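Both complexes shown next keep subunit A, but they swap its partner, so subunit B is in the first and subunit C is in the second.
Up next is the complex of A and B:
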């Protein structure tokens, strides 16, 4: 029973971070209608920012959120403005080519980071990296609990932004009907910048939160892009609420897979679920939650 | 007030509008009539910047609307209620209405206008927390018109507001159009419901195959033989 609870707890903690990663991708998917295949790589750049601040100036990884998020927001805006939107203007090019562009962006980001930091594993070990506390027999990793707390705060902030502010409403309106949105006076192009920036900042936050417990190397982006995609499909493409469910489901699935099947199958479990969902619940949890 | 001159509009290689010129006068109800595919919606789309004119000009109170981007046009007081309502289905009724008032001036007066819209459509106040996608067709049309009013229009352009509504509801919409007009809003109406719209309008233009073929007051056109034959079925 303890093992079961322990697995549940660690899966849930990881799921909170996955939700953050998934929400960033699903926002972009909802508004621009494309899968951002550079998502994990953008996160990786955010992690390197956090690592550099830690290694050079001893900045606590959690504090560096205030640098990594704005910096990656700017990176996201730049990618959207100068690399993705120009593709829309050429009429002969299919919108799918934006997706190919994100693949290219991902590669460039990876190689630039490899050039600067080499392929060596880096980490930001802090005094609390391995700290745990116990509730009964169940152990909680301190950094993961802090991560979950911050992830929840960011999720709440994101929802308040999307529901309460005019800009947030404009993002939702653009996702639902681009043309009607432009009749309302919404500058759709500006919304795409903000959305890509926001989605990138969210995943950068997830990366920064992972830093105290994770190793970092340039190729870490690819697996996370895949995970983000799985989360979005689980949750239903474009659904923000779905991404939270998708993230937590993936976290739990990986944890249970690692505990009850085999450690090596951790990543495979997620992908098997991904295929099962595509086969038996196309549309993801959105079909059930309706949001 | 609004002057359209020599408009030629293409969809790809196909020409949708041929040398279309007309004007909208202050405080009137102007109707554009025509069959499906005659180019009525294209005219409205061009006025609000969704389609681009290859030639011609659109001047609104001295401003060349054809030279400014679509999302800036609403600020000049030209508000387009598009065909098929085009609400934001996963947003509530109130949120949809709020989306109509993003420009600076409408935003300042948002609460007041909202009260006015709820006064005009008491039904919407009851449903303000409901998702727009779950409303009935008539209610959706009310939201669409209400959302247009939220932008404090000088000219309200309505594209087939009676489409898909029961005759009773359609009459209701026409009544409201007249009411809005009596409050000082100029109306540019595109309709297939010729009988009703000739009744509410001051003037009308008839559009055939992308060209304006007839124009006159509502009464003149109601008694015109061609209109009778082609559109009224008399």
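Up next is the complex of A and C:
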């Protein structure tokens, strides 16, 4: 029973972080209708910001959220404004050029970081990196619990933003119907910048939260892009609530797979779920939740 | 007249260029040796310590006049820890840089791949770290040998008796063919290995386990790489020999965030010994997370690699304390120059070194010795000189012998180290160790 509960706790805590990663991607997908294949790489840049602040000035990784999120927001806006939107105007053969562009952006980000920081593995070990508390026999990692708490707060903030504010409503309107939104006087192009910036800032936050417990190297982005993609497909493309479900499902699936099947298949389990959902539940959890 | 001047002029140029390529001019050129190491990427820390040691040794050799009056120049090529990059790096060193031999070779997967390039060309390659047994087994490098190995793997999962018999027949056929194919490779088999193969990494540890710890059960965790799976498989055999029951043997993909489900499973089985075959960052995460789960087996033991680097202690912090690991070398060993090498390294680079560094340092001296003895610097003569090597290095005696299907393999003892108060101390074999082992260990108390 302890083993079961421990697996449940580990999976759920990891799932919280996954949800945050997936939410950023699904937001971008909803508004722009494109898959951002540089998502993990943008997270990696956010992690390097956190790492640099920690290594140079001793800034606590959690405090550096206030730097990494705005910085990556600006990076996201820049990418959308100067790299992705101009492609829409160009007459192209492939409508998927924006997606191809994100692949290129991801590669450039990886190589730039490799140039600056080399490929060495970096880590930010804090005094609480390995702190734990116990409920009965079940171990809870303190940084992961804090991460989950922050992830929940961010999710709530994001929902309030999308539901209550003018800009938030505009984002939702643009996601539902871009042309109609434009006709209603929404500056759709401005909305795309904001959305890409917001999605990037969210994944940067996830990266920053991961920093105290994990390590960092330039190629770390790829696997996380893949995970984000799996999460979005599980949850339903463009669905924010779906991303939360998708993230937690993936976290739990990986944990239970590691305990009851074998850890060797950790990545495979996620991808098998991905294929099963595509085959039997195209549209993901969105089909069930309808949000 | 004009024609004559032109002719004379051309004659001068020709004479000049001939003089430049003459033997004398070439003798002043340094001898180029190619070194394959992971300078960047996930194995960069191992590559760094070996690179520094190689450079230190070559600087010393050149200061003393080099090899037969010529200096040695190392061309270090980055494999980034990936087999495909390693292959092209080896190709580049051989055909473009025109090095006379290859050295280095970190991580089993990369070394096995690059060894293939060297064997095809009959090009001498002195491996000093890549440890999977197959690297110096000629049959493993033949096409049929590779197929036989693949079939053997599938045999393990097969349960149907008729099928097993069929597969066994196929394996025998492939092996017979491999034995024939190997005859073509054998005369120019060019891989020599300074370090012991992974199947012997735990030989020193076996003694410690049998006489001191006496565990009844073990859980083996390993990375899903060539080094990891081979290391785990050979320790499983060791466990059988020692009468230790293997409760669990499981692999993981490098780069996992959360090992807790796996470790919780290990904890629930309550083994006496947890044996891990891991590179550095996974080693640190495994130890850290085992601490978070309050695991308390009799002993945590590592299979060298990630568990002896100074960075292991930095990343795992107090979770590294009292962890035991197999090792191939320690500065306190009664080997000529071992302590001096350790002190010199520390003085020069202001950091500690360990067995990976010693391997590289010794390899540089072996390379210098071989180049000195070789009749010429053609691949064939260097191979002959390598085969005749018989010298003492800081890493131990170097002499290439054949055993267990391996050829050109140096045979050495392995030892056991323990992290005691933040220092890596040698604790086994007892007669060679200055520090007494700390056992039994209460891991919960240790990490408060």
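Assume the second predicted complex is superposed on the first by the 290 of 291 C-alpha atoms of A that agree within 3 Å, B and C clash if a C-alpha of one lies under 4 Å from a C-alpha of the other, contacts with A are read in each partner's own complex, and residues count from 1 in each chain.
Basically, contacts are C-beta pairs under 8 Å (C-beta built on N, C-alpha and C of every residue); 3 or more make two chains touch, one makes a residue touch a chain.
Bear in mind the structure is a predicted one, so any value in this text is a computation, not a measurement.
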Contacts of A:258 with subunit B and subunit C, given as first, second, both or neither: second
Partner chain in contact with A:188 - subunit B first, subunit C second, else both or neither: first
Partner chain in contact with A:165 - subunit B first, subunit C second, else both or neither: neither
Touched partner set for A:180, first subunit B, second subunit C, both or neither: first
Which superposed partner A:267 touches (first subunit B, second subunit C, both, neither): second
Subunit B versus subunit C as contact partner of A:121, first or second or both or neither: second
Broader residue contact with subunit A after superposition on the shared chain, subunit B or subunit C: C
Residue ranges of subunit C touching subunit A (in the complex, touch as defined): 40-42, 44-45, 80, 224, 250-253, 255-262, 264-265, 267-268, 280-281, 288, 291-294, 314-315, 317, 319
Of all residues in subunit B, those that touch subunit A in their complex: 48-50, 69-75, 79-80, 82, 86-91, 95, 98-100, 102-103, 107, 147, 151
Subunit B partner contacts - residues on subunit A that touch it in the complex: 166, 169-170, 172-173, 176-177, 179-188, 291
In the complex with subunit C, residue positions of subunit A that touch it: 2-3, 6-7, 10-11, 14, 114, 118-121, 123, 125, 129-130, 132, 134, 139, 141, 210, 213-215, 217, 219-220, 223, 254-256, 258-259, 262-264, 266-267
